[in-house]
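Chain lettering (A, B, C, D and E) follows the sequence in which the chains are written, and residue indices restart at 1 in each chain.
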């Protein structure tokens, strides 16, 4: 018997890891991956809540989130590629033409 | 019945307007014609009015004429209205009469000047304002004239405006007058505040409800403030400084404005407001003291001056002092009497001086004149009469008036023997410097050419040091070229076209006739006011009595109410009579006559017989002499004490300091500070994605924390 | 089984989607040389049609597709705003895409499809629906921002926008999840219903996270940091679009979420956020010499003003209507300003620095005049939309006794005057650096500018109709 | 009981993978650890009875998306990431913010579920059929709309990733 | 024509005719000559139309005339509500009167971007008139702001070297200040639900809208700051000299002639009209500021090396008088203040006009570059003299009436105000005459000045009306005063000030010791002030 809150905590931890990744990683792709991690965390809590409320809609949300994530991935990676083309780097700290 | 008084001031105004607007296209003759016609017309009308006025029954006096409302705000009402009573009639006649004569004279005197039309339109303008001043039926209208004559004199003093000295003198005159007017204005405010009106009749009525003030009260305040105005206009201590400089103007102007009429406005005002002054003994005292002191001081300066016009100027100041002395002892009619006679002989003196200057081709320094009586007899004789008149030689106008004043100074309830003494001393000096002038100018031999080192300090160099085309003594004659230019000064200090000839010559008849007429007036003018003591019965005083009822401090109570009543003069009679009797009066008269002769004698001794003495005296007195010569350095003192500090303060503290440093700088600092903050804020947008994420997540943390706090609160 | 009325209730989206695909598909059929003006025209037509569809849709208020969307005055209002903004963007792209050598098909297609997202955001009442709509419009703008592919700035701005955007989306999504967990529902109305009887702490947490997400989209402090960079780098017409259209839609979402669910406890949140946005935006803009960036900062500040209206909780209808009016008039003047900038920037967006504007009043009076109008409106000079927008906002705030907030806002708008004025000063009071003639305005951009100018003035002189409609929709929102 | 054990195991793997994702220098390793996380998440979904979700989690996420990632990493042959000191803000504001937010969130979660609704295997079963019904009825509109989303994504990928020069 | 039907629309017509002209100007004429003539024609027509106002003005009648009140915007409830009373009436006429003169003044001096110039001028005219006729706070604020932009542009586009600095300074000063007014207006609206001046005045006066003391304070200050900057009142005046020095001639004329009056008008209409009690409470320090302005302005003017700066500072001094009069709360004071606004418009406007004319010849405002002009430009010198005299308040010229009434009024309010203010007559004489001497008297120091030609027909046409006006206004003030007095009496009664009545004046006149009368007179002259204070 696992209390719901454990799942939620787990998802919170994962989400936090995602945020931390965004904050700390330098490689654009890794950062993007941490975003995906955050989405996964969210998914987990959706599923958890779904089973709490006995409502399937939670699962539907997960589905949509994945779709969106896929779309984002496609676009995001394309963007990353075009950035790499212009700047020849994947280090996010070096992408700072625009400032102040 | 209306006397159409308005014609009297308006006619000169018309003349001024015509000359001012179209004069430039007129020939000198035309300008003349216009100016003289309108003045003459005004004089004629004034005379007619006077005749009809004398025919009026007493209860119709004062005769009021109301034409229009200037201001009507609620109960506050200022009329365009004129006020004719004995006082204003006298003034009106003096102004128009003497004014007309001087116009005639000027026609000749200015004949060769540029800016002819300007001159005459200014002169007419002056007449207009002066007449407004004397005929006004309320204080504000009087103030109009008051300021107006100031303007006219500003313009006329600055007539030779290309000479900085002239321009300065004009400005000085106007501003000094303004200082006086400030006092006058405040007096008017007091009237408005407490009486709610400025109409003479109403003001006097209200004033009459006040008893004679022991100590200083409202009326004293009003009176003193008015007197401040008077000191400005009539060149009394401390504001007399402008008058001597005013001699920069053409001589007829000096005669008309700075001797005969305008400068007496102060006296007129004090007398006009006697209802107030008489109830403010303290004010009266102040007036008397200031008056006599001015008289004395001016006289001392007059002794040392060598510029003929300046001598006359200081003598004017001192004579005005006499008038105020009279007014100060509540002998208003005596003041007016002297005002009149003084108008005659002082005008005459100035015109004579003008004629002298004219004769010597623009020379004003008496040390370069002398022996002129052979060249210009008319001038000499007329001036001699005037001199006798002013020094108070019996039988001439000045004698009666001055004697009356001295007597009142002694005998009037407000009088005091000290006042008399000082007056007498002044009288001595007066006769001394007047005869000095006469002798230096007309006796001995002509000193036109050489320069004599009589006094170490250049007498009138001090007066117009800034004058470019006039360096001290060596009066260079500039190329007459710019004489054609509209505004070249001819008489002032540079021999113009007709100043080039050696021998002095008599002036044309247009200038001589006025001299003669004025001489006659100064000779006989006094006989309308022979005091009782000498068998006459002071017609003049009786004539003016209704305007200026005297009320001695003790009997104020019962006379207050019928103050304006006709019969209010009997008490005055018994007052004076009770004080002293004819014997004393005659005695004092004798004394003053002696003094006069003494002064004359001394002058004869020093400037005809032993002409080496003055120099030695001067040297022996040294510093004192120089002090007096430089008019006690009053101008310099004013300069050092007020003007320069003020300018310095304004420039360095107010403008540079407060305006530019304090205010503007601080505003700019605010702007700069904002820019700084802005630059700081921009550091947030560092361009680094992770920093942005940092901001976002920090913000998110705050938001989360807050919301949860709210929830669990 | 689905009533046809439901399709009418999403008619604008359908129309937009169809036209978007048409444009996208049509593109390859043009050969290389021929100019693809037609595409632009077609998409413009599509937008106009969508506008018509919106008005048609307005006849059929109500929910559709099992409470996914609701058509009410509120959604219609924002539909119109979003569509008009996109229309302006399309019009001003006519020359832009030519000049920048950008592929027309994708460009117009993305704009249209992005507009679908905005429309859905306006009418969605289901959090998941909202989420997807949000993503549609955002992803479209991510891509469009990076369209000038051979310009490093463009792709960088695209990257920044994308990464941070999805970061924020994750927050929003987490919020949705928690809200679902707290209430067992993701339908705004049902959430409202369940929150009305006691909100669990988790709901607050959810609300906070959603606020983070949407706050990012509308660029209010402290989630505004991305704005200047992204706006500076992105193609100007797109900046015009995304600073008005998606933003307005996001505000619509915020309104739905905050007021529709009657979620508690966010008052001070909004208050502080408003103040921060105003101050940080204006202060940042003060010393900005790049016009696009300056306008970006100013858009932050304006978001702040708009939030002031949210804080007017005592008279919600006044507040909401003020906010809606503000969104509309801000869209008008902002798009207008960007239209001028985008035209003037010309090839490769060279002239975006303020010095380039020196003497514009002499070189091209019309452009300068229009820009001046828009700037004055942004300052908030009377008889421009900007004035009434601010005016309603502050009135609403004062009626809710928010004196302090109003004072801060008013002072801010005074400070803001400085940097707008600076541009005007440059245009009129400085001598031009070059006397090369400004590229003449062609039909598309000209029409866009005219449209915005007309709207700005209309809102400034006769705000009645619009405000009245806003009030009505506000009432529908807080039933 | 079993449920608890499984939860602990997969949960541990998840967290471990996540942390590893952070710890790894090379993007490939990060990607792999992310795949691990996703896999174990799928298992957790199963525990919660979400078959459908679990499956697509594996197919879409681990299968499609992560492949895309790896593909990109290879394409750009991204190497070790260098530890540049780009942003102090992220460390001095972001990380503390993260911690505070996380703690608060955790506290809320723990406190928010006093009811202690505890879950066990098979207690709630989300069949693909049920999901399908729901998806194609109630959530029809979002489902259709996602097509537009995908379309946009495709276009974007095409436009942005197209090599230079060929406009 | 049937004036009755015409009356309600005359104001609107007068106000927007210039705008119409501007629009026509935008499209129709091409050649610069035509533009100038067209602008002149428009401004003249406007002036003639505006003469309808005083012509058919009913002096006796209460309240506002030519009133037009049309609902304009429902939410917020904004009306297009215009109307004039004796105060605004003449300010409108002043504006329309100055405008043709400005057009003439910029006839030759503006040769670049002529069309824009005259368009801006006409728009500015509309805005300025609007400020004076607006009876709806919102409308007022709109016109108020609307004056700002054209003026700033006039300065910035057609000014001299430091024009941008001046323009921005001008704009920011006024903008920042008026924002506070906006806040106050909105607050009032939020409370009353109306922008209508009359309505709000009623509500406040009848206590229907009760203001907490702090609220009243802030509202008062909100309005006050906006107006004080415009007046400008020390120490907020520093924008004025810069603006004037840099502005083109016409700009200076309008700035001094009309824009500054907007400030004093606002004080009179709104600060006194809406918050009489507050006005009374703050009278002392406002009076003090006004006095500082008078003396300070004059002293600083005295030492200015630059002609226009000098005139600018003299404006500070003159408007100090106006404020002094307004806050004396006496009939005389306020009459004088309003009249002084007109005077200052005429005489200072004329001074700037003349300054501009000499600038056209020598392109410098430095006084030291002149001297001896009277010799070669007699006509110019004469005009300058007349105007100088009118500006130093010589009797029978316009300046005197205003100053006298103001000072008398403030003296009634409190003796010391009157006395200190009266020193102004000395200062003004000092700096103006000094200026005149330095410019016109003495010998020509710079040879160039000897070659200057006297002012030509066009320039004289521009100056004559002003000179005549200053004389007529000095001699026959009642022409203006009848209308003004009625209005200001109403203001005074509303603010519980002192109306001119002998009765109460003599009431204090118990002939006792009066010299130290400051305290008793305060007590007597404004008892109403005290009870208002409570």
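Assume a contact is a pair of C-beta atoms (placed from the backbone, for glycine too) under 8 Å apart; a residue touches a chain by one contact, two chains touch by 3 or more.
The shown structure was predicted, so the numbers you read here are calculated from the model rather than taken from an experiment.
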Going by the contact rule set out at the top, which chains touch both chain A and chain E? B, C
Output for shared partners of chain A and chain C reads B, D
Chain closest to the assembly centre - both centres taken as Cα means: E
Of all chain pairs, the one with the highest number of C-beta contacts is A-D
Whole-Å distance, C-alpha centre of chain B to that of chain D, is 104
Just the number, please: Cα centre separation of chain B and chain C in whole Å. 79
Note: chain D sits from chain C at a C-alpha centroid distance in Å of 30
From the mean C-alpha coordinate of chain A to that of chain D, what's the distance rounded to whole Å? 6
Mark out which residues of chain A touch at least two other chains, giving numbers and ranges. 8, 18-19, 22-24, 26, 31-32, 48, 52, 57-58, 60, 64, 68, 71-72, 75, 79-80, 82, 85, 92-93, 95-99
Using the touch rule from the top of the page, what residues of chain E touch 2 or more other chains? none
At least two partner chains per residue is the criterion; list those residues in chain C. 128, 132, 135, 139, 142-143, 146, 149-150, 155, 158-160, 163, 167, 201, 205, 228-229
If I apply the definition of touch given earlier, which pairs of chains qualify? A-B, A-C, A-D, B-C, B-D, B-E, C-D, C-E
Please give the residue numbers of chain E that touch chain C in the complex, ascending. 73-76, 113, 116, 141-142, 145-146, 148-149, 152-153, 156-157, 163-164, 167-168, 171-172, 175-176, 179-180, 182-183, 186-187, 189-190
Where on chain C does chain A make contact in their complex? 128, 131-132, 135, 139, 142-143, 146, 149-153, 155-160, 162-163, 166-167, 170, 173-174, 176-178, 180-181, 184, 186, 228-230, 232-233
Residue ranges of chain B in contact with chain D within the complex: 686, 688, 690-691, 693-695, 697-702, 704-705, 708, 712
Flag every residue of chain C that touches chain D in the complex, lowest number first. 2, 10, 13, 17, 21, 24, 64-66, 68-69, 101-103, 106, 109-110, 113-114, 116-117, 120, 126, 128-129, 132-133, 135-136, 139-140, 142-143, 146-147, 149-150, 155, 158, 182, 200-202, 205
Spell out the part of chain B that touches chain E in their complex, as residue ranges. 24, 69-76, 140, 143-144, 147-148, 151, 154, 158, 161-164, 166-168, 170-171, 174-175, 178-179, 181-182, 185-186, 188-190, 192-197, 206, 209-211, 215-221, 468, 485-487, 646-647, 649-651, 654-655, 658-659, 662-664, 667
